[in-house]
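What follows are several structures.
Next come two complexes built around chain A: one with chain B, the other with chain C.
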Partner chain A sequence: MSTITWMTARGLFGRRRFLLLLPLPLVLLGLAVLCRSLGVDPGEWGPAVLVGLGLAVVLPVVSLIIGTGVLGAEIDDGTVVHILTKPLPRWQIILPKLAVAAGVTAVTVAVPLYVAGVLADSVRLGLALAAAAALGALAYSALFLALSLVTRRPVLLGLVYVLIWEGLLGNFVSGTKVLSIQQYVIALADRLAPTGLLETTVSVSVASVMTALISIGFTVLAVDRLRSFSVAGETS
Partner chain B sequence: MSTLSLAGVSRWYGNVVAVNDISMTLGAGVTGLLGPNGAGKTTLLHMMAGFLSPSRGTVTLDDEPTWRNPDVYRRLGLVSEREAVQSYLTAYEFVLASAKLHRLADPAAAARRAIDLVELESAQDRRIGTYSKGMRQRARVAAALVHDPQVLLLDEPFNGMDPRQRLHMMQLLHTLGDDGRTILFSSHILEEVEQVSGTVQVMVAGRLAASGDFRTIRRLMTNRPHVFAVRSTDDRALAVALIAEPSVSGVELDRTGLTVRAGDYGAFTRALPRIALNQGIRVRQLVPSDESLESVFSYLVEA
Partner chain C sequence: MPEPSTTAMRSTPTGVIHDIGYQRYDGPRLGRRHVFGALYLHGVRTTFGFGRSAKAKIFPWLVVGIVTLVAVALAAVRSQIGEPVATYAQFADSMSWLVLFFVAVAAPELVSRDLRSGVLPLYFSRPLPRSDYALAKLLALVTALWLLLGGPQLVMFLGAAFTTKEGMRGVWNELLDLLPGLLYAGLWAVVFASVGLLVASLTGKRAFAAGGVVAVFLMTTPIVGVLSILPSRTANELAGLASPSSLVQGVGIWSLGDLLLGEGDQGGLSIGGFGPVYALAAVVLVAGATALLLARYRKVAS
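Let's look at the complex of A and B:
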């Protein structure tokens, strides 16, 4: 394991902020178990829990907390200087951080989604949701990691994207769905396990291409921004 | 030996000029970067360390630019002012991580050597979060020294240290400078610079105000005229008497009282009570009005 990966993981798990990750997946899991045990028809609770909660809230919010944390927290407290004063090409800093963010997010979100998918329909749906969520975790993480280098308020801007763009506008202005990671994840999961539970207007090819473009594009942006990282406004 | 060169370096933020046309060359030995708070020292250090692009001019380390060039960190170490450290690591882990990130051949040995150098062996296995400010600072210096850089930049390294830690840090900087390294540290305290470095660069309001041997600059600073605000029962009569005094170089009279300029601090403060007594004037107020460091610096700019 590279030193950057190790330090990023320790930084992530060593902060209290990490505890914020636990409640959302637990709620998702709890609701799915509750609905199943009460014998509610999966057609009724499936879309609300899997998409409405799992893919629209848990995945992006967990990605946001982790993605803005892996580098953003170090920028906030100034420890980023220790990593930057090393003769490392900047991609060697961004890629391990992205890997940690995407990996931790994928595990945190894919496990409850898998269980919920199994309870709602089948193992196949569970696996499809987990795989699509892992790809979504990568795209979201790249976006939020880059955001933490572009703005001083990455969490706020990330929330605006998740809640306003994907959440609100996605329901009223169908065009915005083409630029919504959430819709890509739904499209990919639905392709892997076709059921009546997941619905989107975005095609699988658009979803695949856009997920790749977003993941790569924002990673490249992050590397470039880190190369010109300025420590400013620090005079006391 | 490495040389850090600045040629016509300026940095502005919008309309505010933080660093104004500074040129200097730093070679082996310890150099103090002295200036009041807000003079632009940190901005200058950040440009030297490649953390800020100059708006104009160039900063080079052995003819290579420091901006957008991570390779310079093979030869350059930085101890920034913000004392941020990964407090969940022990000092050894922290310095070892630095050594590994530098891709050193034997990171463990390098980490131990650096910790030795700052005399932190006894506490190296404790979490940095439990350290005092001075110990944290030393851990950061060890991390910055782990790859044995030719150039070390330190931003206000003595801030928050107790006298013993200060002394220790000063000795360390001396040793490093005597070894032929280029050491630059910033400070807003005259006495700190005096004790550590023979060469100083004085910055005031973003500009390089003085540069060279400390003793010469210090003499300029102490020989400056001192300004006092004086109020008495009869300002005009006191002004007449004072201007006859050799230690007084100028007197100004206005509604609020007298402004007296004295060339010799000691002679004037001894003469004033005598003159007042002889003239039967009662002195109500005597305030030295330019004792702040800022005024010392601004005097240097005018000199």
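Let's look at the complex of A and C:
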């Protein structure tokens, strides 16, 4: 475990604000348990909880906060200089940070999704959701980590992607679904455990190829951007 | 035991304050009301990025642009087919995601930046009570959100008024439709601003504040969806209380009725006879969020 990994993890967990991430998964769990205990038909609450809350809100928002936080917080504070001046190849900075971001996001999201999936249908659906969410966490984290290097306002740009591209346009213009990580995650989960609960128009091959492409592409972009990174002050 | 020399220095002070010629200010000193007004105006300008760099204008004006574009499109379609596509209140409803994004952009700019750069003690050393600071910021955000929704509604009104075929009577009827729409936009503004600003004031990091605002609003929407399919009619009809946006819609359905729903359209949210409960909940939510905001500013940076 490299020093960078250790520092990033401590930067995430060392502050009380990490606790702010807990309500999202807890609400997901609570709703699933509530619906199950009241005996509502899973066909009705499944899509609302698993997709509407889990994959459309919890996964992207947690990834956004963590993914832009692992490097963005240090850029904001200016302490990124201390890492950049060490004789480390840039990929040894990006990869540990990406691993921490994706790992923490995956654990935070996959565990409640697994439980909700088990409650909704079967252990198989739970495992499929957890696996797909972990892959999605990797893709989202790579995207948002690269965003925090490309622009000074990564969170707002990330919100544009999550809210307007995936949320708003995805409902009206079906063409944008081909470029939406959320749809890839749904497609992958549906392939791993075919149920009637998850619906998407994106094919599995497109989803898997695009997820891999996004994860690798944005990581390479992040490494490249960090190679010629200029430290600036607070945005005006 | 005191040294003899220090005793001597105490009895005969040698320090002198020289007048090095700084000019004194003897103009009028404006009081609390002016500080409040200046802070409010500065807040409204901040939300739209006026007086700041071009980069700060990108996101607010992106939202303003999209909202205005939609309003112009609605007005144009209406003038072509002669039928209103969406009422003013429905327009405000359908823009809720963009309003949410605007809050996520504006609220951290208003409060988180001051928290982070540590200028609050400077503010509070003026004749400005802590509550005034919070209220001025809140009022600025409410105004900005109301302008964001009300401006495009005015565009729709102008489009309808200039293409009406019933002369002045048509314009008057249109105006009677517009005014409740503007009030409804004000309700959206008050609810979103009070909750959003409270969340943003909890952290000095704008990134976390923006994420937190969106998380709070987005997280609550699916709860409504789940509650409204529970096998209990009361739970279904009270489901809208769980999320600020459906709460606003519930109040709108209760007070505006067909202005919001249109003919034969159920609008997805049925509130049954609980309209007053929704109105009360909205008041409690706004009052509670404002009270918490004031409490937060009683303690912060002290």
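Basically, the second predicted complex is superposed on the first by the 230 of 236 C-alpha atoms of A that agree within 3 Å, B and C clash if a C-alpha of one lies under 4 Å from a C-alpha of the other, contacts with A are read in each partner's own complex, and residues count from 1 in each chain.
One rule holds in what follows: a contact is a pair of C-beta atoms (placed from the backbone, for glycine too) under 8 Å apart; a residue touches a chain by one contact, two chains touch by 3 or more.
Please read these numbers as outputs of a predicted model, since none were measured by experiment.
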Three-chain arrangement built on chain A, chain B and chain C clash or fit: fit
Chain B versus chain C as contact partner of A:Pro89, first or second or both or neither: first
Chain B versus chain C as contact partner of A:Gly14, first or second or both or neither: first
C-alpha centroid angle, chain C to chain B via chain A, nearest 10°: 70
First (chain B), second (chain C), both or neither touched by A:Arg153: second
Which of chain B and chain C A:Leu31 touches, first, second, both or neither: second
Partner with the higher number of touched chain A residues, chain C or chain B: C
Where chain B and chain C come nearest after superposition, their Cα distance in Å: 8
On chain A, the residue positions that both chain B and chain C contact, one per complex: 234-236
Sites on chain A touched by chain C in the complex: 17, 20, 23-24, 27, 31, 34-35, 38-40, 44-45, 48-49, 52-53, 57-58, 61, 64-65, 68-69, 72-73, 76, 152-156, 159-160, 162-164, 167-168, 234-236
Chain A partner contacts - residues on chain C that touch it in the complex: 52-53, 55-56, 59, 62, 97-98, 100-101, 104-105, 117, 203, 205-208, 210-212, 214-215, 218-219, 221-223, 225-226, 229-231
Partner chain A, residues of chain B touching it in the complex: 13, 37-38, 41-43, 46, 49, 51-53, 68, 70-74, 76-78, 80-82, 84-86, 88-89, 97-98, 100-103, 143-144
In the complex with chain B, residue positions of chain A that touch it: 3-4, 6-7, 10-11, 14, 77-79, 81-90, 227-232, 234-236
